[in-house]
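Read from first to last, the chains carry the letters A, B, C, D and E; within each, the first residue is number 1.
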């Protein structure tokens, strides 16, 4: 790490180290691009997250970067601009592809424009939206005006960007996304197979896809802004509504983030319960992912089988936590209530049942020549691309990228169990498909190891009556069912966070849709979308 | 040519296997639960959060002392505690519960309220049959007309000592 | 006693004894029309219920249960509902073709349906070029689907229509070729003649090549009815509803009904040319005379419907087991697998008929 | 009663059925009017431009191939009905005809015309 | 007509909530001059309609997953005859607004509703659709879909469990059972039958305004 610091300092004189524990470096915005390039050359090729923070006197951009070859390495890079009225910062999207959407998001929420970024449209809000909602001076009261017309699609196709001309002046350019006579079809927002309200504008030539332009924001609920005015126990429930298919894991991330910041020690029992719940949730999520993908490929029966078996997990959840999809089970310091006496038995019954069912799934669907013919060699994602796009999780592992947070930075009880990180190296659709079914089996193994060893003791630590997080910045990663889910928390020592941001693994998955799907067919687009298994509310937040 | 024929037959074999699985399921007992036919008999998980109710005793008394903690802790203001002042027999004015309004339509079932209630006055029940024709029918008054709070000794009545609840903010 | 022929001739005699000739004819025509319509609607209703129930059972569900006992009245509810639903006046479509498409689809469907021979004496359209007629008239449906997709002026329907064109047109070849194989064996194109030729043994048990022809015919027929795994023109998860997105109310209902009856028609034709139509199952041997007698006791229409519904069940089984094909797989299957095999099969059949059979005879 | 007459009757029945259904639907079903109702449906988003654009030739290629082979089948039918009476000589004759067509198919296969592009 | 005249299999009238609103709706229909004395034909049509309510596949977030559970094997709304989910609004009868409706989505939902053919119904599923639910204090969320489209049945829950949705469907069935096809108000322009949700000029009657009045009245 010291070496990296030295390297950065050699590039930029403005570099200062902030934090002792992690490497947290601040650079002047003039040197940002140079520093990032140097970092990239040094192997820091995975941009985990990019967050903008409105500090009132300046606007700060925080980069969380890691190395794909050595994922334990983790650093935070910061830069800021004091021009709050018209903030401009150089883009890093030419270095890390994943920055593309993050920077658009920063523009949408904070009005930060990125120099040389190819596409500075609003990401979530309507093109005619006024104001930048995550600025501290934005009026958050729910305003009455509900638009009556669908927003102007021409405005969506008009792509502005800012560059420097020869004299160093900033010029604004406009390009058109599609040609006039292109056959552009809207997939979504109301479409059975975009897994929510994703809106894809797809340029077609017959059956063949020429270009995809994803449109987000149809389910942008302003969770991050809402959380800024909530106390920590209050806002936990919102995390489950982010990525509702693996709600517990998201909640786990925020709980851990707050617990770590407060220095809370979690009882062992709670950690075990949380791990089992996480894995059950992962199974439920993968089952839905599998079922929906089969449905997308036209096999409704497989869909129903997947949902049928998922109900068993829902039963387990209901019995112990009291909720089906939204368990509301984890709280800061542990879990809300002790496990139900039937819990262990139910889980034990479930494991052999699901193993049997997975065999059936393989016979029914995996072995089917139609399905195989459609999936093999279709939707190739190379490892380099996966890393560049930041596509971690099952999608990244299908391309051979070792990126399981449970292995890299074990949390809860993961360090105490023996499990395999499933890796495939093909990177095509069948790899992404298989990896989910294999991960279900791996999760079953984890649960099997833990279920008999849940230690006795408290299920919840003593927590102060008012939860206050000490001032500072925190970042907590978990491996949710879709990949590397992260919480960035900036606190000023108050009851509510100053800024909170979630790193959504679904967003990067969707950003990969265009490169993966070019020159494939409509049917492939739907199938690849199913295999990437994104959840839209997690993107839109 | 050999590959062509081999592919053909292995393909047909795999297809038949898939059909075998669906056939297997055709004859299996069905998992469908027949709500509403099984309305009386169906099991419900006791912890399932269906609806917030007052924990009433036989004498039509509830435990709420109208401290308003639950309403303040509710993340989206779906609880409203309306109090009124009454004069007790010994001449003191006392704040008691007038109406406890619960907006089922915006409740998120996060149970922050039940966790923060030091008196354990509210609890969850399993009832989930809530669908109505009119949105205003979802706002419910939890304390039945004519009910009153349990008379308790002054020492217990103070809402102060409740660290176990964890979530409350009554120090403020 | 259980045959319908008696009733028909009784009606004819009763009419001709009391009415002048032209009126008799007119009434008979009307009766034929009404009869076909009733049968058509009945089969559609039965199939809708059957599909829902069978699909549910394959999926570990129960299917309709509450409309009538065991959900038996479900299709009636659907029919009433869909008849009373608004037909949306679209703004940007080609109105003439939009409605013409409907007529084409239903004419294609009903006229093919009319060519079925439900029992020994309940015969509808029976041309001496029957097989030819069936192939020709059923392709009207393709035209209907193409027009429906095109005239809606919607991008999804357009893609759906194009897919339908490429798909249905291709699969007509192999279904034609497999029927041709049977024509070689039967030596006639008349459907009733083909059934007559199977009075002792069904074609299925006459040569091994009939089996191949039947499998190919069933696959191609399944594809022609636009049902999964060949439901590309509809492709619910891709094109939201395919070529009939813009059809609402009963206009959609007619497509819906047409599709179901087509499924039955395909099964019916398959029954007639491979499974002996209404012919009872006979074992062609001395010792089996008693057995054959028992088989003859079962009314012929029951034989026909039992076989046809058997094939329908098979088609439902396939439908609810497999994922959808992609368009290139679909065309690969047709042009590189079914087509060559059925061509070869036809030649082998011709050899069988002309060389092998005389050789052993 | 001949088949042709029944055919005409069935065809008229089909037309009457469709007409009757549409008229009943038109008369009895409730209606409402609003500006967006008649617009083409495309997942809730207004359509971009017209849908009647030139379409890719891929679909037509197969239609052409179909035409070729369909004509072939039509020509084969008369032969098929009398295969038995013609005997082996008939097969030889038709074999020659088929050979040309199969060669055509093989050529198309080899050229990749049967691949969906 | 009284509420108790509406028969639903295996459920008694008193098992249903909010009978008062339904009674009020019936009274209103009767008062409006198109007497609700259900003719036999009406009865048949309403029976058919109530058992063949085809939903539009429309799900925006969490409640959509529970909607999928209703469609799946365990709860199976096919038993009611609802299983034919249509992706095209032309062929659908009911929208289950399952999930949050944001300001960007609202006009899309409105457009989908407009594109549906009559008769059409709306069920607001979950807190978000009923009142904005968890997100009602957000700047980008519509607090209640009844501000955009008229809602027939509200199902609270976050998300409601599948049985709750089946219950809501039975409530909707009850509402359908009181309609009268021949005595609906006519459109003054062309004499066609319209349902009461649109004014004659094509604008919507949303119940949000009515609800507000009731709420204000109730608070007194």
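Just so we're on the same page, a contact is a pair of C-beta atoms (placed from the backbone, for glycine too) under 8 Å apart; a residue touches a chain by one contact, two chains touch by 3 or more.
The structure displayed is predicted, hence computed values, not measured ones.
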Request  = Quickly list, by label, the chains bordering both chain B and chain C.
outcome  = A, E
Note = Shared touch partners for chain A + chain C come out as B, D, E
Ask   = With chain centres set to the mean of the C-alpha atoms, which chain is at the far end from chain B?
value = D
Remark   = Greatest number of touching C-beta pairs links chains C-D
Whole-Å gap between the CA centroids of chain B and chain E = 24
Task = Please work out the Cα centroid separation of chain C and chain D, and write it as a whole number of Å.
result = 15
Geometric centre distance via CA averages, chain B-chain A, whole Å = 30
Whole-Å gap between the CA centroids of chain C and chain E = 39
Request  = Give the residues of chain A that touch two or more other chains, as numbers and ranges in rising order.
outcome  = 150, 183, 185, 189-192, 206-207, 237-238, 301, 304-305, 308, 311, 326, 364-365, 368, 370
Key: Sequence positions of chain B contacting 2 or more other chains   = 15, 18, 21-22, 25, 30-32, 34, 48, 75, 108-109
Message = For chain C, give me the residues that contact two or more of the other chains.
response = 58-62, 65, 84-88, 155-156, 162-163, 236, 240, 245-246, 249, 320-322, 327-328
Message = Applying that definition of touch, give me each pair of chains that meets it.
response = A-B, A-C, A-D, A-E, B-C, B-E, C-D, C-E, D-E
Query = In the complex formed with chain A, which residues of chain E make contact?
reply = 56-62, 64-66, 68-69, 71-74, 85, 87, 99-100, 102-108, 110-112, 132, 134-143, 147-148, 158-159, 161
Ask   = In the complex of these two chains, what residues of chain E are touching chain B?
value = 9-11, 15, 17-18, 20-22, 25, 73-76, 79, 123, 127, 130-137, 144, 146, 151-158, 160-161, 163-164, 166-168, 170-171, 175, 207, 211, 214-215, 218
Request  = Write out the stretch or stretches of chain D touching chain C in their complex.
outcome  = 1, 3-7, 9-18, 21-22, 24-26, 28-32, 37-43, 47, 50-52, 55, 58-59, 62-63, 65-66, 69-70, 73, 76-77, 80-88, 90-91, 94-95, 98, 102, 105, 109, 114-116
Inquiry  = For the complex, give me every residue of chain A touching chain E.
reply    = 124-126, 133, 138-143, 145-151, 189-192, 196-197, 217-223, 225-226, 229, 237-238, 241, 244-245, 288, 303-305, 307-308, 311, 314, 324-326, 536-537
Query = If you look only at chain D, which of its residues touch chain E in the complex?
reply = 28-37, 39, 41, 44-45
